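So that you can tell them apart, the chains are marked A, B, C and D in the order they are listed, and the count of residues begins at 1 in each.
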Amino acid sequence: MNEDKLHELEKLFQKDRYVALSGIKIEEVGDDYATVGAAVRPDEHMNGVGTVQGGMLYTAADFAFAVLTNMLHPTTVTQTATVTYIRAAKTDRISATARELACSGHNCVVEVTVRDGEGVTVMTGLFNGFISAKK
Amino acid sequence: MNEDKLHELEKLFQKDRYVALSGIKIEEVGDDYATVGAAVRPDEHMNGVGTVQGGMLYTAADFAFAVLTNMLHPTTVTQTATVTYIRAAKTDRISATARELACSGHNCVVEVTVRDGEGVTVMTGLFNGFISAKK
Amino acid sequence: MNEDKLHELEKLFQKDRYVALSGIKIEEVGDDYATVGAAVRPDEHMNGVGTVQGGMLYTAADFAFAVLTNMLHPTTVTQTATVTYIRAAKTDRISATARELACSGHNCVVEVTVRDGEGVTVMTGLFNGFISAKK
Amino acid sequence: MNEDKLHELEKLFQKDRYVALSGIKIEEVGDDYATVGAAVRPDEHMNGVGTVQGGMLYTAADFAFAVLTNMLHPTTVTQTATVTYIRAAKTDRISATARELACSGHNCVVEVTVRDGEGVTVMTGLFNGFISAKK
């Protein structure tokens, strides 16, 4: 894992207020992946039946995408995202790991897997990013 | 507009803590649409360049979807969602309106448009829902 | 309906061999929509249980998208497409109608509805296009 | 590779006429993946600028998805598919490989990569399937 890179990225994203409001933090970055995570706070993240809300899972996935792509090729913004909810997330923490599947010109495609505290997949996502600086 | 229906739905969703954390409220419901909205709070919703974060826009869209589909055919949960970010949202408020495109058996497809304070579209979404109770 | 425009577009797309192989033709174009369609040929379009194959429905939808967007703002290519199959298509003809939801800079978002011979929706799609010539 | 399994699956899908029309065949199946492919025929698969049409790439991806999922858990049908076109496919052959990312209850999520004759990715897809027989 790359500690310096992680701190650099934390700095880059410190002004992302919605991610901060949601309690999501960068946990780990490597050459080709990035993982973010959050401790689940029932009074802030859950719905009436004790599962983490879809918007929270999405925000974590989108953040993992943002961290990875801006590490690999700044500046990248989310253009389109498709997410599928696999299982209800009844857990005390979540993590989202992003890996790039393809990149060409201004377009990159990233897969993100969101897991619960036991490592079970709760949501998968495919994110398309637009890269402003030409490669 | 249907005030009683709106209050009923507010009650149904009062335990959605992430939506509450995000400051998103139900604004209007009709026979075939539902609109939710939020005042944008810069210190909670924005990123470093003054635009509303993608996760916040998504959460609003997902909530509009949830309100509409649970009004039309409870109980519906989001199965897959595809969202496209059209323009940066530099605004003081957002709204998300959901309309159903199709419904058959356990599957429904809903289109959601998220707009800024001037009514300009900032994000569009296509949501697939799974309906537990058979029609 | 605009006959001249239709013939112009037929000329533009005459080299699309896969669309020709599939028997899909432009049927109608207006200021803000385009409709393509095909007679269903069981020995070419169907699967083992008498329904039109998903790939055929997609190809029709993608063609409707291409016709509309190249009429509105050439040159546009499909970047990402999300389709949902609503009902099995047991029919003798299909049609696909495309309408643009949003357009900004190099990016456009188009909704496409594919219907059977009775006008019942069998597939919906959301297509993201990349526009090469700047607006 | 599993030859018997491949022949079994070829039999299962022999009535898929659109796949046959498109010239797409099953090439390889393993425990957790399935690959289909086609020789590109310019007069049947290409557009005016010498690239394989998007509908053809999609049909190959959808077929790879169908082969894999019906091998793993029949009977599975495509419910939603999201595809992104990465690069223009100027090639003499294409292949599509499907791998399952997650499966739970009636829902499975499969990633499909479509490559050209040199193994370069031209399209990626995320397919959601509905499984009729309960696991």
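The rule is simple: a residue touches a chain if its C-beta (ideal position, glycine included) is under 8 Å from a C-beta of that chain, and two chains touch if they have at least 3 such contacts.
This is a predicted model, so every value here is computed, not measured.
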{"item": "Pair sharing more residue contacts (C-beta pairs) when B-C is set against A-C", "value": "B-C"}
{"item": "Taking each chain's C-alpha mean as its centre, the one farthest from chain C", "value": "A"}
{"item": "Distance from chain B to chain A - Cα centre to Cα centre, in angstrom", "value": "21"}
{"item": "Distance from chain C to chain B - Cα centre to Cα centre, in angstrom", "value": "28"}
{"item": "Interchain centroid distance [CA atoms averaged], chain A/chain C, Å", "value": "34"}
{"item": "Residue numbers of chain C (touch at least two other chains)", "value": "79-80, 82, 84, 107, 128"}
{"item": "Residues on chain C engaged by chain A in the complex (per definition of touch)", "value": "79-80, 82, 107, 128"}
{"item": "Touching residues (chain side chain B, partner chain C) in the complex", "value": "80, 82, 84, 86-87, 101-102, 104, 107, 109, 111, 113, 121, 124, 126, 128"}
{"item": "List of chain A residues in touch with chain B within their complex", "value": "13-19, 21-22, 42-48, 52-56, 58-59, 62-63, 77-85"}
